[in-house]
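Across the two complexes that follow, chain A remains constant while its partner is chain B and subsequently chain C.
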Partner chain A sequence: MLAYAAKRICLALLVALTVSIISFGLLRLSGDLAQALAGQSSTAADVEALRKAYGLDQPLTVQYLEWAGKVLAGDFGDSFFFKEPVAAMLAQRLPVTMLLGASALTFALVLAVPLGVVAAMRPNSWIDRLALTLAVLGQALPSFWFALMLMIVFGLTLRWLPISGTGTWQHFVMPSIALGYYATPAIMRLTRAGMMEVMASDYIRTARAKGLRMPTVLFKHALRNAVIPVVALAAVQFGFMLGGSIVIETIFALHGVGYLAWESITRADFPVVQAIVLVLASIYVVLTLLADLLNAFLDPRIRIA
Partner chain B sequence: MTAEALDSAKILEPSPVTQLRRRIFGHAGFLFGAIVIAAMLAMALLAPLLAPYDPYDQDLARRVINPIWHDDGKWAHPLGTDQLGRDYLSRVIYGVRISLLIGFATMIISGVLGTALGVVAGYFGGRVDMVITFLITTRLSMPVVLVALAVVALVGGSLTVVISVLGLLLWDRFAVVMRSATMQVRALDYVAAAQAIGCSAARIVTTEIMPNILNALIVVATLEMAHAILLEAALSFLGLGVQPPLPSWGLMVAEGKEYMFFSPWLITIPGVALFLLVLAINLLGDGIRDITAPENRN
Partner chain C sequence: MSVILDVQALDVRIPLAQGMLHPVRDVSFAVERGETLCIVGESGCGKSLTSLALMDLLPRRAERRAARLIFAGEDLTRASEARMTDLRGNKMAMIFQEPMTSLNPSYSIGNQLEEALLRHRRIGRREATDRAIYLLEKVGITAAASRLTQYPHQLSGGLRQRVMIAMALMCGPDLIIADEPTTALDVTIQAQILHLLAQLQREFKMGLILITHDLGIVARVATRVAVMYAGQIVETGTVAELFARPLHPYTQGLLRCIPVPGRTKRGTHLGSIPGIVPNLIGDLVGCSFHNRCEHAYESCAATDVSQREIAPGRAYRCLLTAEQCAANAAKAAA
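== the complex of A and B ==
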């Protein structure tokens, strides 16, 4: 287990390092930073002074190392647009996105796991077919369009829910559904496949043969083993949801990191974009690392292979 | 063997062609997908003949006319007109060209990249595999929509830029699937036999391995094409994809958003078109998987 964990952690660190180099490159690709900092009405001397002051005349490797050192200390530089520290902006917005991701994932799990279990109990029954049909339809639904449809029905026509803003828990209902439904097909299929495999195993037959009641067999014996891969998938899906939040938050004007990313991209505020890419990628790396370690801990076959 | 015995053998075991035909016509999803895609392809190819108007022609006197199922709808514009007075039916018809072009071109770029990486990793294993697995992991950790938006914002939005960016971002699933498929095939006896008679790695990959992982490749290719179409629509919807006045379905939804309350059909129509196309491609992919490899059906 230790050897596997060490190997896996090394890989995660290497990936994080590569991602940091890519996001560093993103800001450099955006053009002459000194010029961007100085603004339109600056003289050549101003630009040169800024170049010196910010160390932009140094070799790229030196610049990267300085930048990376600051990032590790929690300093992502200043926003071009607001001239405030990016770290403070992120700290303010990140909780909203985390909350959105968590409620979207909860929605997906609450819908997908029971459906998957019921579908596996009765393969080829109407409920199994219904679940598979929902999965196929769900996977083809464009999330931004689904979000707008929810808005038209529940926001504009029925007036049950607010269509934009961050104030109350009601503001999170439609965004969570719009963000979460996309993960349900994958989770449902995996739960179904896992349950079918487990239900065919010997220990379930033993449990049933010794006269345990069906609910006990289902929840205590079968589901516990079937959800192991689902936990890993849920972690990965949570990472994807944080990335996908950019579309949903922009539509619902939910003041999270995704909306900030879109706003920053449209006003060419690249230090903020760079920081968001780096933070979201790092969260994904940590999540997949934890999921892999958890899986290896629960299932010894993974760490030996 | 007598004629009678031959006949009974036929009855017991239908010819492979008959079996295939039965599987195709017994698979409702595949049929639906194939028919819708054929119709969409026809629409894309025959767009100038089918579209009643030029999709770019503005007529400010005829703005936001309701479609035909409203009381004041006019047959002159069956799906109505948009906020600039452009015929909506014509724009929807021309829009399928953009979606199909982006889906197909992206799928080719990411497919070539991902398949090359996946097959090389699966065939050579060891360090090569480690490096490529690392590349896949790194790619997966980058948030696709965010990176694509940022790059488009830097370089400027156009059809070519969107295709290149998506093509360079969406190769991961090709690589993952091709890698494991190649590993499986590589362990089989006929690959060992080919190595024993001295075939080169390139020859083994092209003549022994590729034909046997083609099924999986086609399935991933359809899924990724659908994925690319959805992503283009999302990018265009956010204003950082295909640029106006091109009739991209995602862009049409974005343009109709302001009129959402009084003219919701401005966003429902292109959305339904997008949904149908993606659904058809996914069903076709699932169908190909079921038909070519019935033992993998779940």
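== the complex of A and C ==
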């Protein structure tokens, strides 16, 4: 397990390094930074002075190392638009996005795993067909359209839930469903396929031959093995959700990182966009790493190698 | 001795796209406490489905019917699923062919052993652990206590099959059904495991149904033998009677196939029975063996053959008289 973990961690660090180089490059490729900093009405001399002051005349590797050092220390520079530290802005917005992601994933798992189990128990029954229909719909509906439908039905017509803002937990219900629903088809189908395969295995026959009752057979012997691949999928889906939060947060005016990313793109506020790309990608890398480690922990063939 | 399992006219049918598969046909036998019944027959003749039918563990689509299915005085044809769950692993236990895949990879050996006992008895985990250690030692596993925390992938095939045997013994069952428990193992390990099973069966005075297609094994461990062909039992008898005076042409053919140490020369081609097993979909007309039988005559293809009992526990399924069968055997030997 230790060797395995060490290998995974090295791999994750490598990916993080690549991600950082890409997001560093993103800002450099967005045009002449010194020009952008100086603004439209600046003279050539002003631009040159800024270039020197910010070290933009240095070779790229030096610039990268300097920038990476600052990032590691939590310094993402200042926003072009607000002239305040990006780090502080992120610190304020990130919890909202993480909360949204976590509740969306919880919603997806709570809906998809039991449906997948039931569908696997009774293949081709009405409940299996219903689950399949939900899955097909989930993949066909664009998430912004689904979000708008939710808003119209539950926000405007029924007036059960607030349609925008971040104030209370009710504000998170519709965004979580809109964001999480998108992940349910994949999780459900993987659970169903996993359960079908596991239920046909020899050790399930052994469990039944021992006289174990159906709930024990299902939940202790089958589900435990069937969810191992679901764990990895859930981590990947969480990553997608962080990306998807840009759309959902914008629709529901939820003040998270996604909304900030959208605002910053429209304002050409590159330092903020860069920091968000970097942070979201790093979270994604960490999640995948955690999923791998959890996988290993769940499967003794990896844990005790 | 008392009969622990009494099976009369057991049938299994499985609906398939091509028609109704009828892989177990009119199977009858009895097992007494303290005896070993060996069921032998070629691959696909219905041995596994027969044993799964006894445990009520058939595939969901399969349909089981029996005139009589009595286990320890209880009519299993009327037993509910809840009642069967109480009996399985408790009074009747099963050992499967594939030791490599029959244990759950996610749980320790100890967990999987104890679970059977904790399910059926009101006892604590400590006692269950003690019983697991006791039985692991019984099945010849050294350092038993330290094995409990190991996982299946850390054990060899032979060890896993010993664990499966210990698992079957956890609740002290009256009957054990072992479905080809050694086919997946090395030859030397096979002998050890069979010897162990036979010894435990005597020690705990259980009934044992041992399924195999190895007649050498039968000769060593069986009390009685049932020969299966195309879903039917074609001959039963004590191991001594059946080996000395096989009646059914199929049994006679099988016995000619086994090499006899000292008598069969090295490199001699072993006799095998020509022809193919009939398709088990739909109804068979006539004797199921007629297309391969060297003694077949006109009636064989047209007349259904029922089991003829010539003495208690001695029966065969052939149109020929016992005398004619014995004469055929004598002719073939000469």
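Quick note on the criterion: the second predicted complex is superposed on the first by the 295 of 305 C-alpha atoms of A that agree within 3 Å, B and C clash if a C-alpha of one lies under 4 Å from a C-alpha of the other, contacts with A are read in each partner's own complex, and residues count from 1 in each chain.
The rule is short, and it goes like this: contacts are C-beta pairs under 8 Å (C-beta built on N, C-alpha and C of every residue); 3 or more make two chains touch, one makes a residue touch a chain.
Owing to the predicted nature of the structure, the values given are computational and were not obtained by experimental measurement.
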Room on chain A for both chain B and chain C (clash or fit): fit
Angular separation of chain B and chain C about chain A, which is computed from CA centres of the superposed model and rounded to the nearest 10 °: 80
Per-residue touch tally on chain A - higher for chain B or for chain C: B
Chain B versus chain C as contact partner of A:207, first or second or both or neither: second
Touching partner for A:18 - first (chain B), second (chain C), both, neither: first
First (chain B), second (chain C), both or neither touched by A:224: second
Minimum C-alpha separation between chain B and chain C after superposing on chain A, in Å: 10
Chain B and chain C contact sites that coincide on chain A, given as residue numbers: none
Contact footprint of chain B on chain A as seen in their complex: 11, 14-15, 18-19, 22, 26, 29-30, 136-137, 139-145, 148-149, 151-152, 156, 189, 192-193, 239, 242-244, 246-247, 250, 261-262, 265-266, 268, 270, 273, 276-277, 280-281, 284-285, 288
Chain A to chain C touching residues, read off their complex: 201-203, 205-213, 216, 220-221, 224-225, 298-301, 304
Chain C residues within the chain A interface of the complex: 55, 57, 85-90, 93-94, 96, 98, 101-108, 115-116, 119-120, 151, 153-154, 164, 167
Complex contact set, residues of chain B against chain A: 29, 134, 137-138, 140-147, 149-150, 153-154, 226, 230, 233-234, 237-240, 250, 253, 257, 260-261, 264, 267-268, 271, 274-275, 278-279, 282-283, 286, 298
